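Next come two complexes built around chain A: one with chain B, the other with chain C.
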Partner chain A sequence: MSKTRRISCLAAAASAIALAAAACGAPEEEGDDRGAVPDDATDCANYEQYGDLEGETISILGSIRDTEADEMMEAWSYFESCTGAVIEYEGSGEFESDMKVRVDGGNAPDIALFPQPGLMSNFADSLVPASEEVTSLATEGWTEDWLNYGTIDGTLYAAPHSSNAKSFIWYSPSFFSDNGYEVPQTWDELIALSDTIAADGITPWCVGFESGGATGWPGTDWIEDIVLREGTDVYDQWVTHQIPFNDPQIVTAIDKAGTILQNPDYVYNGTDTISSTPFQEAGYPILDGNCAMHRQASFYGAMWPADTEVSETGDVFAFRFPESNEGDNTMLVGGEFVAAFDDSESTEMVRQFLASELYHNARLQTGPWSTARQGVDPNNATTPINVFATEILTDPEVTVRFDGSDLMPGEVGASSFWTGMVQWADGDKTSQQMADDIEASWP
Partner chain B sequence: MNISDLTDRFGLLAVGLVAFVAILLALYGLAELASRRDRSRAVAAVFLAPAVVFLLVGLVYPAVRTFVMSFFSGDGTEFVGLENYSWAVTNPDALQVLVNTAMWIIIVPLLSTAVGLVYAVLIDGRRGERTYKALVFLPMGISFVGASIIWKFVYQYTGSGDQIGLLNQLLVWIGAQPVNWLNESPWNNFLLMVVLIWIEVGFATVVLSAALKGVPTEIVEAARIDGASPSEIFWNVTVPSIRSAIVVVAVTVFIATLKLFDIVRAMTGGHHGTDVLAHNMWDQAFRLGNDGRGATMAVLLFALVIPVVIYQVRNMRRQELEAR
Partner chain C sequence: MTVPIGTDIPDPAAEAQPVARIGESRGERLRRVLSSRVASIAALVIAVLWTIPTAGLFISSFRPEDDIRDSGWWTMFTNPTFTLDTYNYVLYSDSQGGGLIRNLINTVVITIPGVVVPVAFAAMAAYALSWIDFKGRNFLYIAIFALQVVPLQMALIPLLSFFSQGLHVGSVTIMPAWELDGVNTIVQVWIAHSIFGLPLAIFLLHNFMRELPGDVMEAARIDGASHSQIFRKVVLPLVTPALASIAIFQFLWVWNDFLVGRTFGGGEATRPLTAVLGDMAGTWGFGWTRLPAAAFVAIVVPLVVFLLLQRYFVRGLLAGSVKG
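Our next item is the complex of A and B:
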């Protein structure tokens, strides 16, 4: 799921720690996380609309690999057996460069699952716009916020696939209730709570930015969360570079993040350990009561140690990143988009299938997953955190914005923004210097 | 994939090869029919043509295109003149790449050759020389990526719990704080160089050891009788005698260093100030989608190799003349 998930897989696999499986979304015990696939999904009558695709082969390229890819293909298998089509899926650890090489070389896959809308728009000339059917499925299935990210120059090209909620703060429900702490609803309450916890002798926050070659990305999510809550307009202008990266509003937002991330009383083990603490393990001290909160996306639910109970009544759970302005209801998200490079009938049918409620309901049950598809039953999700995430993501009242670093050009979003965060967290650069340097790297 | 698929594919390949040979033979037959005076030239042309075509398609055309692309914008649509080159020498990140590459091509060939030479001299004529040589040559058999992963474990850092990296565990044992080695710029550059030196020392040792065998014992004995000290013998007799072998080793390692991609890619991905030319070229062109800058990096890389190649060709030519 999105860049961050893939990075976590890379980082975990590279460091060969026991986490590898968990980081890639593998359920610890397969039986627990898999529900019964709904009868609808296995009933071939529901696939009649896709016609007979016997002998057709559709190639799909994505960044999803390993267990998560197996679970995804399981949800596709009913489509395959009912229509006779064969879907050849290829998961790539180097999705960005593979896509470019394949498209430039005239060897594009029929369908690509893009984790970054910005990357997708680079290929707009080669993409096949969404057909009427796909468009109506997408309009019925996703809110306008989502469709905007699948739209290039006014034309809808891609419907979303998976979605994950990023504006989550992980905490221990029992630790909170034992000490009488309330889940904060606003930024001011969050700071007040942090002060209370600090006064009680516990460091309120656990933070870790280390992620191998992508070190720094967890920091970009912090900044994005805060900018988004200053106002969606500011966020959109910032991400599309209508205002510079070093705009005073952005610098203020970075300073605001600093009130937590650069406060020695707030950060477990001290602020100078942020850039060297691996994000995969950064939240673990919550389990020992050494810190109280850890900001990380919904996929972090799969990264806790094996015997952790992730639920509202268990060891850890998440609450939504609080709003700064009253009445706001925002969520930072990540996800994939289903774009096609081929206009054949079989590809069109797969696109329609991947945008259907039928598929999204089935996929929720083949493994830990969350989606923003309207009409699905969030309770189909296999883990409490995915039920929670899917509830929020499918709520049309929630204003959704995509992870900004995935929308910015690669030079910024996958390079200078990361390094900037590391230098800032290390105290080598002030908020202004960091913003100036990132602005200078914008192509 | 089943067997019929394979026969389909390889059957096609076989047909292609047979057709290629048939066309060549037919052309050869035609050339044979030409008049006696033109015959040898025509035959030469027939046999050279495939090689020339492959060179043009596979080497000359891409090189020219890369050069042209380096004057165009990131998406290759707009002519920008020398902008990419001015970026390469003014942008701090790009400058860092050039500085790192400079450090690599100075330090790695120097240290690899020096360590290899010292090692070769020390083990020369000793008992178990072969074993010593085999030991230091072993890393040569490991791929760059494999070596990088091995060393990544050595430098491994974990924020909490037991250190699984050798270097950090050693630090813990002597009571020091573990260090996140690969994030510590600029020292991480040297840690990456260690990997390449570790690989190349074996190569240097084997070549230089063979060269040492070729130094005539008469000269060494004569020097010793004349009262030269061991270090004088080393500097004034041994080194000049194997000078050409040393140059070959240094140049080979130099070119390998300049092209270095795998170690940086596998260990840091070019982050934390460890990027080098060959890696940044790929990063710009394929990951960041900026073809112009990628091409510029490729041209700079090419420009750096040229003097060394010229030097090497001259060296070989001189040796051939001396040999005659």
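Our next item is the complex of A and C:
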């Protein structure tokens, strides 16, 4: 090829790409159940207390991405237009490592949305404690269980942001009523129901642990749910390592999870498919009546295929993970915490805003979301499952415990616990071996 | 199968058991074995096997979202369904999970100075290190060469704090903080790429320039040319192939870079394609069906560059490793 020909080839290729690019326009945004910002959140009078922040830029880093991030930005867009501040949000799939590099490199964002309180406490030295105003907003807005997770060494650093109800079991209300099944209230009823469904020729459970590099985490939620129902004291001691990971109570809990997860009669497609089934689609067979139940958090409501009716009377809905002990009322949760690395006035105002009822009510209405902020109206949530989740989360009677794997050190909670669950699900390790190995990896 | 001109058509019996022939050098024998029918078929099989996953990805990128979730790409042959929606979404959507066209532009803006600057500096440095006599030249060259040993990951945090906090020794400020934000942080990305690209580029170009005949420089010197004239009028035209191959290498490295762009860039305004790719799947990884299309947006430019400049690329692989 001569030089001129090569150049003309390059030019031709470039113009072909440019033409193809110009041929398509911006895609039309779908108008589905993603809601709109409510009236009182668009009224600038409600933002007067935050003052004039014209020309201020606040950077926020979080792990929330895609549609959820769009909806979140929509919820604070009126804060921006009314105060004049600009919030630059960046969603990162590598949140943990990004935070480490940026903080060490002196380039921390003004505000970070930590999904793991354990990770947040690693940065305690660089964090700005909550001001009096933020503290009073947080105390007014969240129960003590929640505030504990935003507190490091007795100082409140961060108010919670979103919350997910994790102790949920998804099922098909129509399938249940057609077959006369009742929503179980206790663990024994859950097992009895599973047996009944299995006897009727349907595999009761759909389970999937696959999640790319984080494969195994849906399994950790199973164990956490069961340990939590053995007793909140045991749970707290377990996640803070006051009792070892291979404590007999924990091994018993893992065995208890095994009565479902390792029972070939219970698991759709067999127990050996658990670790290779993507959690995102693991619950889909419920829609075809191939299985009856799938344990996954409230955010799973957004993952059903587009034409699925997610409601108490529709195709799928969730019931709470049953209690083992009489009178318990517990919920495993996940969520983010709003921590600041900057003590400027504008950052402080954004923190106050993100802890306010105004923001949480607005965010509930911009898209599927749930929160534990007291004083919000759960009915503002856009989907029935989020109404249900927000009702539970804002109920002060419910004992709330944060996802244990997010509280444990990264070597366990984001590593050996995950791999341990996979090996256990595959049948390569017994409950005792798995617990011993995870205990050995605890730093 | 290609048969080099001047060789006999090999008979298949001898082909099966390649035996050294009388009067044949080792290189000739290697060439005969490698161009045999069996080797060609093996090469073809390997090429096909290695292309299958990429081809599958390519086909997936044109399939509707629900189909990607439901079935493998091979079902495309029995049940063909094409759509450009994924590409459209990935490139132009306003939402966080799309709008790659902005990041494509960012990547181009990062890549051009990220290639031109280090190659230009490396050429000058390599000339100075190979043809200008000064004290400590060899030491300097070895020091630069040794820098290749330092993994770039080790320099990330110090360099980032150099940019964001400046350089202080005790209470003496040597360099104040740069205080760049928003789109201006792209300067940091350019500098970082240049720094990380320089040692290898200098090393390769130095080796290449050392091989140039000294007589040419001397002749130019006698005619009264200065170093800068020799560099521009004599050396640069002679090392163009090496410059091109290094530029291609640097281009591919900067284009495909994830870590540097992500660390030194200041958020949305400067994020390159690669940094956004992984995050496109969404908080719960549910949007993974967009990834095939996004991946192809990311690789199409390097692919075109590679196909058009293959010859230089192969030469670049050999530069510095083979003498003469």
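Here, the second predicted complex is superposed on the first by the 408 of 443 C-alpha atoms of A that agree within 3 Å, B and C clash if a C-alpha of one lies under 4 Å from a C-alpha of the other, contacts with A are read in each partner's own complex, and residues count from 1 in each chain.
In the analysis below, contacts are C-beta pairs under 8 Å (C-beta built on N, C-alpha and C of every residue); 3 or more make two chains touch, one makes a residue touch a chain.
Keep in mind that what you see is a predicted model, and the values were worked out from it rather than measured.
In the superposed model, A:Asn122 makes contact with chain B only, not with chain C. Of the two partner chains, neither chain B nor chain C is touched by A:Asn329. In the superposed model, A:Gly212 makes contact with both chain B and chain C.
Shared-chain residue A:Glu281: touches chain B and chain C both. Once chain A of one complex is fitted onto chain A of the other, the partner contacts of A:Gln242 are absent, as it touches neither chain B nor chain C. Contact with chain B, but none with chain C, is seen for A:Pro443 once the two complexes are overlaid on the shared chain.
In the superposed model, A:Val101 makes contact with both chain B and chain C. In the superposition on chain A, A:Trp418 contacts chain B only, with no contact to chain C. Common to the chain B-facing and chain C-facing surfaces of chain A are residues 17, 101, 212, 281. Across the complex, chain A is touched by residues 66, 69, 84-85, 87-89, 91-98, 101, 156-161, 163-165, 181-182, 262-263, 267-268, 271, 278-288, 300, 304, 308-309 of chain C.
Looking at the complex, you find that chain B touches chain A at residues 74, 93, 152-153, 156-161, 164, 180, 183, 268-272, 282, 286-290. For chain A in complex with chain B, the residues that touch the partner chain are 14-17, 96-97, 100-101, 119, 122, 208, 210, 212-215, 273, 275-278, 281-282, 284-285, 409-411, 414-416, 418-419, 422, 441, 443.
Of all residues in chain A, those touching chain C in their complex are 6, 9-10, 13, 17, 21, 24-27, 29, 57, 59, 63-70, 73, 88-94, 98, 101-102, 104-107, 211-212, 280-281, 299, 302-303, 305.
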